[in-house]
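Read through the structures below before going on.
Two complexes follow with chain A in common, the first pairing it with chain B and the second with chain C.
Entry: the complex of A and B
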């Protein structure tokens, strides 16, 4: 199985694009989604995102992550539903009402978050982490320190998730009832686990920092990378599409 | 009794980790599981305490399939020492850590306190120490103590001596030996064949998700096919006694060629010389 947001080798068009192109495209794509409330346009963006995922055989992992985003955006949508009275009144609430407009806003939020997230996820699946961080250092002149911090943060997420899993298993094996009761029970039981998790994270981060330092981390500059990241015509086209989308959304209300 | 009947298991649907594993472990046995990394030993251990449920086949604990039990229920029957003690330790003092199991099982009381005090004395811990500041070996001992204190009838140990120095290793194995002598069933994963030879009564050899050999310790460790198949190097004494007939075939019938332990080798040498 592949890890969380971990590179999957391949040679699709998306794999071959310049890493910077992918980042720029994903960011512009997300901004575009946040610049419009036109539900038809957002649905179009969502479908584009899914087609992009399918074009590089990443449909399954992306759908998995979309489920997680859905859970999060549904919470936001419910809040919106309860707090943004607009349109025709459907349900009276003590502090306002739920209207047709509120439902529209809630649905728009869900579609928007999903659409905006897909290219961002996809970028990680089709780009090696080293290419991602090296190219922003080389092309965008981001200091290596920041690129490295970002790269290791993403790298550590699955490591911590794994740690959490083994800590919970160890607790279950000692008779803690993680395997029964509802979510409240689970959360109550998870609080004491923060200690071992924190201890193991600090230990890991500390040794990673020392390992980086002894290998001359401070000496690394923009010139240190050997690999070049030239742009091709396809890269330009892709970026132009992203810019065009954004401009279109801003100009056409 | 623990019984595996044609157990198949996997983490992801597409990759089989165990492929038809069967064996029985009777009460009071001391069994070592050996094999290369990735052979499926830890997976077998996790099936034994219900952390993992089989895809096909059954794992029975005292005749009850683990699929009908929750892991937290099995915890009373089966104590489990993890490969990494840090995933297991979660309290601020040694004493609290040892009481933790009783709390989880809802059995705190004067009996529990007395057992904890006994174990603290037996292991020579300072009850107020912070577990996270102890060194690796002591943390491993503490993790072991937190299982011993609950006195489960079965104790599973996943590489209990890996990463320990010789003295710590002896201490851990000494405790395990005493548990076994007191009637506890011991199931241990171990890469150190000297330890296996010294302590285990029975060895199960795993390779690529299957059991390739299973029998009394020295029958298994003296079987050349098993040794090559699972890339095992037997304890040194066994290695020597196996090699002697190759050096000189007159030694093939000598007791030297059958010695498994240092004591047996000494006795055999004494007999040959005199």
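Entry: the complex of A and C
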């Protein structure tokens, strides 16, 4: 069972791309999504994202991710719906109205967020975290400290989620009813658990820092990485596609 | 290789010193086992020997610890770690990457091992822990015991002069624990490495170690070759250290004058000694 943002081994085209290509493509793709409000174009981007996910057998985790993004973007969409009166009047509100334009804006937001998120998340599923951080240090000259901080954060998410789960299980075994009542009850019961979780995570982070230091963290330079990340023709093509998409949405209104 | 001279250390947040007046000399190439009851100061003692104290935990440090000629207070933790390779107790937080191969590579890259030697070192380290087949696996999917072997391999790859392990077999079953000790002692013998192991399984220590150190209440009670230490099984029991049962039995027999030979470390020795007594 794979955890959140955890690398899934594979041999698809996306797996084999240069890590830098993947992250640059994902970022440009996301920027492109935010530069346009053309719903047809955004839908096209969304479909592209899903096809990419399917091409590396990541459809299932990506669909899970889409559900999570949907929950978040629906909140934004509802806000937009209520606060951006435009188009033909559909429902009168005390402070304005909901119009066809508002619905369009809401739908666009949902599609845009979904489309922008997929390649970013996909990057983590098809790239080893070490490769990602080593290559951005080597190629993009990102200071190693930042790359390591980011990599460790992602590395520790499943560890902490595991900790939370075991604390909750321990409490359930002692009669705390996490499975009773709704989400509000669950959250109410979870709040006091944040203290032990925080204590154990501070302790873990501290020993991780020591462990990294005794293995020469401070000596690491840009040249330290053993693996090389050469760019191939395919990488170049992928980068060009990303740039072309961005240029297209900027030039074509 | 390691000289500890009248070491006393108190963590900033505790009232009393955790280790007090410790003097210990570990010769080059020695296999040292440290044991003692929980909270006796074993781990603190290893922290003092790999530089984590005084560099990472603040507190009052008296006395001196010298490793390979360096006073640990004068040099940085990074300098010490080029001589001493450490495997900590908490394996999960020690692992910094997601793939076995990358984990072994990490230290090698950092310490600037020439790139043409790296492949050889990685293979050698994985082989010496018997985990070549795990090389491309995702670490999160492995068992606790396998992770422990990976953590040891990633330190072995650095070819440290001193190897410091804090309960390296905590998550292993008896057979694999023994296998790890066999691998360690063979590696140490081949490379002339000094090994310091904190371990609860005293039977393993008495079999593999050249020197057995018993820590109690922050001080060293015994530091001698295993047989000499095990001769005091009654006292060890009072300190919360369980000797192998065969040793305790033979010591009791010796106590009532039924047995006069040397201290027995394992069941085989005890059996043959008993056979002689009965005959």
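The criterion applied here is as follows: the second predicted complex is superposed on the first by the 253 of 253 C-alpha atoms of A that agree within 3 Å, B and C clash if a C-alpha of one lies under 4 Å from a C-alpha of the other, contacts with A are read in each partner's own complex, and residues count from 1 in each chain.
Just so we're on the same page, contacts are C-beta pairs under 8 Å (C-beta built on N, C-alpha and C of every residue); 3 or more make two chains touch, one makes a residue touch a chain.
This structure is a prediction, so every number in the text was calculated from the model and none was measured.
When the two complexes are overlaid on their common chain A, residue A:44 makes contact with neither chain B nor chain C. In the superposed model, A:180 makes contact with chain B only, not with chain C. Shared-chain residue A:155: touches chain C; no touch with chain B.
By the document's definition of touching, of the two partners only chain B reaches A:192; chain C does not.
In the superposition on chain A, A:170 makes contact with chain B only, while chain C stays out of contact range.
In the superposition on chain A, no contact is made by A:101 with either chain B or chain C. Contacts of A:85 after superposition on the shared chain: neither chain B nor chain C is touched. In the overlay built on the shared chain, the residue A:212 is in contact with chain C alone; chain B does not reach it.
The partner that reaches more residues of chain A, of the two candidates chain B and chain C, is C. Counting contacts by the rule stated earlier, no residue of chain A appears in both its interface with chain B and its interface with chain C.
Residue ranges of chain B in contact with chain A, taken from their complex: 11-12, 14-15, 46, 49, 51, 70-72, 75-76, 78, 80, 82, 84, 86-92, 100-101, 104-105, 132, 146-147. The part of chain A that touches chain C in the complex is made up of residues 3, 6-7, 9, 128-130, 151-152, 155, 158-159, 204-205, 207-208, 210-220, 224-227. The touching residues of chain A, counted against chain B in their complex, run 1, 163, 166-167, 169-180, 192-193, 195-196, 199-200, 203. By the touch criterion stated above, chain C contacts chain A in their complex at residues 50-52, 56, 76-78, 80-82, 84-86, 88, 90, 92-94, 96-99, 102, 105-112, 115, 118, 136, 138, 140, 154-155, 158.
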